[in-house]
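Once you've had a glance at the structure underneath, I'll fire off some questions.
The chains carry the letters A, B and C, assigned in the order they are written, with residues numbered from 1 in each.
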Amino acid sequence: MKAISFAAGCLFASTALAQEPVLTVYAGDYVVSEWGPGPKIEEMFEARCGCDLQFKPGDLLPRLLLEGERTEADVVFGLNTDVTKRARESGLFAPHGVDLSPLTLPIDWTDDTFLPYNYGETAFVYDSTRLPEPPTSFAELLDAPDDLKIVIQDPRSSISGLAMALWVEAVYGDKAEDAWRKLAPKILTVTKGWSESYGLFTDGEADMVLSYTTSPAYHIIAEDDHSKKALIFPEGNYFMVELAAKLATTDQPELAQQFMEFLLTAEFQQMIATGNWSFPAALPHDQWPEGFKELELPSKVLFYSEDEAAALRDEAIEAWRRGLSQ
Amino acid sequence: MASRPLAIGAALIAAGLVLALVLGPVAAVLARAGGWGALGPGDWQALRFTLWQSLLSATFSVALAIPVARALARRRFPGRGLLISLLGAPFILPTIVAVLGLIAVFGQNGLINGSLRALGLPGFSVYGLHGVVLAHVFFNLPLATRLLLQGWLAIPAERFRLAVSLGLSPRAMFRTLELPMLLRIAPGAGAVIFVICLSSFAVALTLGGGPRATTVELAIYQAVRFDFDLGRAALLSMIQLGLALAAGLVALRLGTGGGFGAGLDRLVTRWDGRAGLPRVMDAVWIGLAALFLLTPLGMVVARGLPGLAQLGAGSWAAAWNSLTVALASTLLCLAWALPLSSRWGEWVGLVGLAVSPLVLGTGLFLIVRPFANPLSLALPVTTLVNALVALPFALRILRPEAEAVRADYARLAQALGLTPLAWVRLVLLPRLRRPLGFAAGLTAALSIGDLGVIALFADPERATLPLQVYRLMGSYQMEAAAGAALLLLIFSFGAFWLCDRGGRANADA
Amino acid sequence: MLTLENMRYTDGDYSLSADLCLAPGRRVAIIGPSGAGKSTLLDLIAGFLTPKAGRLLWQGQDITATPPDRRPVAMLFQENNLFPHLSLARNLGLALRPGGGRLTAAEGRKLESALERVGLGGLSSRKPGALSGGQQSRAALARVLLQARPILALDEPFAALGPALKVQMLDLVQEVAGELGALVLLVSHDPQDARRFAEETVLVAEGLAHPPVETRALFDAPPEALRAYLGQ
């Protein structure tokens, strides 16, 4: 009985509000929390579109693939490069039609379907008060004493974990398994997702955590804590980008297009750095927020195209699994 | 009870609903996938590890629960009721919170390693198979203890009086009274814990320390979320289900033997174990269990207190959602459990716990999708799934005593021609008050703490507390997340305590 | 007339046959060695067991398939005759209202007078746990009064009581049954009970319930099976 009245209440609520045009945006779960960028995006975009932007959080691609062409989504916000190949093959997405010349990414981006709005690179984050002399390269990290403890994420359940597997693959190629084996004694543990790892790191359980080059910005800006630093390796750090795309089946094509254009505007770009704790994808470095400007940027950025990544993925995960299973 | 066909009918409907709710989604996933997938190279290793850690975790949880439950059953001390309730708290914590609490005690920089270092002693690493088992025992020892304690309390006082008057030695007393009860209760408790551990994922991975600690549930997660290989997910979840049902069958075969018959309801006073050594041993067991279970909880509280002040409106709304969902799932779960409280009903009930929540969520999504917007059904679906997942626990708690009530009073009720409603209202429910309260508390708490299938059905306006904890952590708000986790702990423990207390108040009258 | 017509019950190796008639209003003891099937016979009559063959008739009407609560039988079990969590009033009320509904004022008075009849006047709000064993038996008998069925089946309900108390209870049963004009079937392992209480006795032994015989005559010239049971 309870469940039925719930359902009725929910249905009623969603029909009663349907006055102005609604833009439905599927977004990653973290986006919509009161601390995520969702509320700000909603406020900024609704001010210019005269519409109702509704975020629907949760799994992105699995849900879209399950729904297929009947999906209600107009735009999807928060895809990563690990799924773009499959997403593209689903045929559910339309070209974004946005001029890519304002992009300020460290790599060349020409994709006409998936539009980047922020990025970062995988990096080990450490606390310089606890670890005054961290390894300065990947090679030094592999040779570091075994009492240096690192937490990483599982490449089978986490995108940052997968990025690291590809990172090791990009740096060490067919020696990747050996690299993992040398790293193994230093891997304190592997977690399901980034949150668990980062929680362990902030609790002082591990010396280093697999995170992003942008993580220190949060501590600098929100906590005025300059001790958290990301390791920049001369071998390169692996590029991670977040993407938006427009559904081909959208019933609000103009609004969806407007939203895509909005993503590269200076207004959005200036907000997203601190909104999502990432580098803005289309904003010159001198316009970045203060805390971000002081971050050290990778000299070399590694990245596999989606086809290369798809070809290497299983091998990279296997190297990880075998290397750490010894 | 007066009309047996009606009782059987209700049981069949309840069992049918369980099976439909589990097999329907699996079938939907399978239909969508177009057939079973194939197992990958690591899957066999994952299967072996899953089985092994589940077996160890279940064995240790039950074995350690025996002395603890025994000590709690025969000792009276101030705060005993509160301690029993508190000991149940780990079981109802969301995994991420509990893991961080455990690591704060047992981790590299935890209390224990910290003290060892301060004393100049070598530290130890919690990560590995032993860590997985430690965490699972932490979660499940309370459940095993409560189930066994329930069994001890169900031994009528008359039997203990008889044993004392016969001058039975402690050993003989154990063999004649306690061992039969243990043989009846322990296999079922072990089976439920085994099944819980089968679908462990984040805990096993984090404390297992790496890919060696890969479980089947992780492979399912990978198949659904990363590879979108629904056929493989369906196959893996059926393997998981098969293992759970096999464990259930073993428990059914082992856990036979009748109840103790009805005793007049007097408080169980025991005359054994008054000597010095048993007293000391009981105190040691209770102390150790309390230390093991409550220290990590204390860390969760300590970490969460500063964060409480940072909680915004979103967290309070989420708390409210969690409470309503918990209330609804509790009522649903109990209504489900009563007709199923028999041996076979309990076996069927295991199904809900054994099926992967991810596959369940995906299947429900596929089923619901043509008729309604799954997002708007987020809370009802969560309610339903929480009730389904809690069902095995409710049944484990209710079944032995429901059977005893039937054995003792069904004939009298039949002779009087009690209507089915009168049987339920006047006999079954009042006689089951204590286990019903416990079951309701556990269901409510599990429901507040469980993330369930909400990932596919998430709705920004209708987040639950566990989801909120994850969202906060995902936005670097570790302190606020710890606060939300504490709120979660307070609410689930509060719900548990209220129901459990309600069941135990005046339970002797 | 209660007629057991070529009745046969089997359960695994165990079997019990009965072909006999019992007259209304009589007091009948059912005796025999332990395990021979005294309680089984009672359960067959009360409807808790179904015979594999044969029929059960009451006043010529076939009641073989009638559920227990619709048979003309009120039964007292060895134990668990009262729900321990319900007051005497609630316990007895169930005999009048099996749906658990509220009693009318008239029914309430009837209940009180039944309790008074068995010597428990004024105790209707007590729970069974607060009564002595004898008082609990009396309460159960009060309920039998309320049920007012023409057959009263007693499955050793007083076995736990002391000899003097048991005699008192058997006397009370006799009075109650007399008021109801009920046929009383008393299962007992104590030949003294049969002698004191029963006009007729049914001997159950070696898989057979013998037709009733006048009690005095039976004990004066016991057949072979009874002699073995009595240890003579």
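We adopt the following convention: a contact is a pair of C-beta atoms (placed from the backbone, for glycine too) under 8 Å apart; a residue touches a chain by one contact, two chains touch by 3 or more.
Every value quoted in this text rests on a predicted model; they were computed, and no experiment measured them.
Contact with subunit A and subunit B alike is made by no chain in this entry. The chain occupying the central position, as judged from C-alpha centroids, is B. For subunit C, the chain with the farthest CA centroid is A.
If you average the CA atoms of subunit A and of subunit B, the two centres end up 35 Å from each other.
For the pair subunit B and subunit C, the distance between C-alpha centroids works out to 46 Å.
Rounded to whole angstrom, the centroid-to-centroid distance between subunit A and subunit C, based on C-alpha atoms, equals 79 Å. Residue ranges of subunit A in contact with subunit B, taken from their complex: 2-4, 6-7, 10-11, 13-14, 29-30, 32-36, 38, 55-59, 61-63, 65-67, 70, 72, 82, 86, 149, 154, 156-157, 162, 184, 187-192, 194-196, 198-200, 202-206, 215, 218, 222, 277, 318, 320-321, 324-325. Subunit B makes touch with subunit A in their complex at residues 32, 41-42, 96, 99-100, 103-104, 107-110, 127, 201-202, 205-212, 214, 218-219, 221-222, 224-226, 228, 303, 312-314, 327-328, 331-332, 362, 365-366, 369, 372-373, 375-380, 383-384, 454-460, 462, 467-468, 470-478, 480-481.
Contact residues on subunit C toward subunit B in their complex (touch as defined above): 46-48, 67-70, 73-75, 77, 79-81, 83-86, 90, 94-95, 98-100, 127-129, 147. Every residue of subunit B that touches subunit C in the complex is listed here, in rising order: 2-3, 261-262, 264-266, 408-409, 411-412, 414-419, 421-422, 425-427, 430-431, 509.
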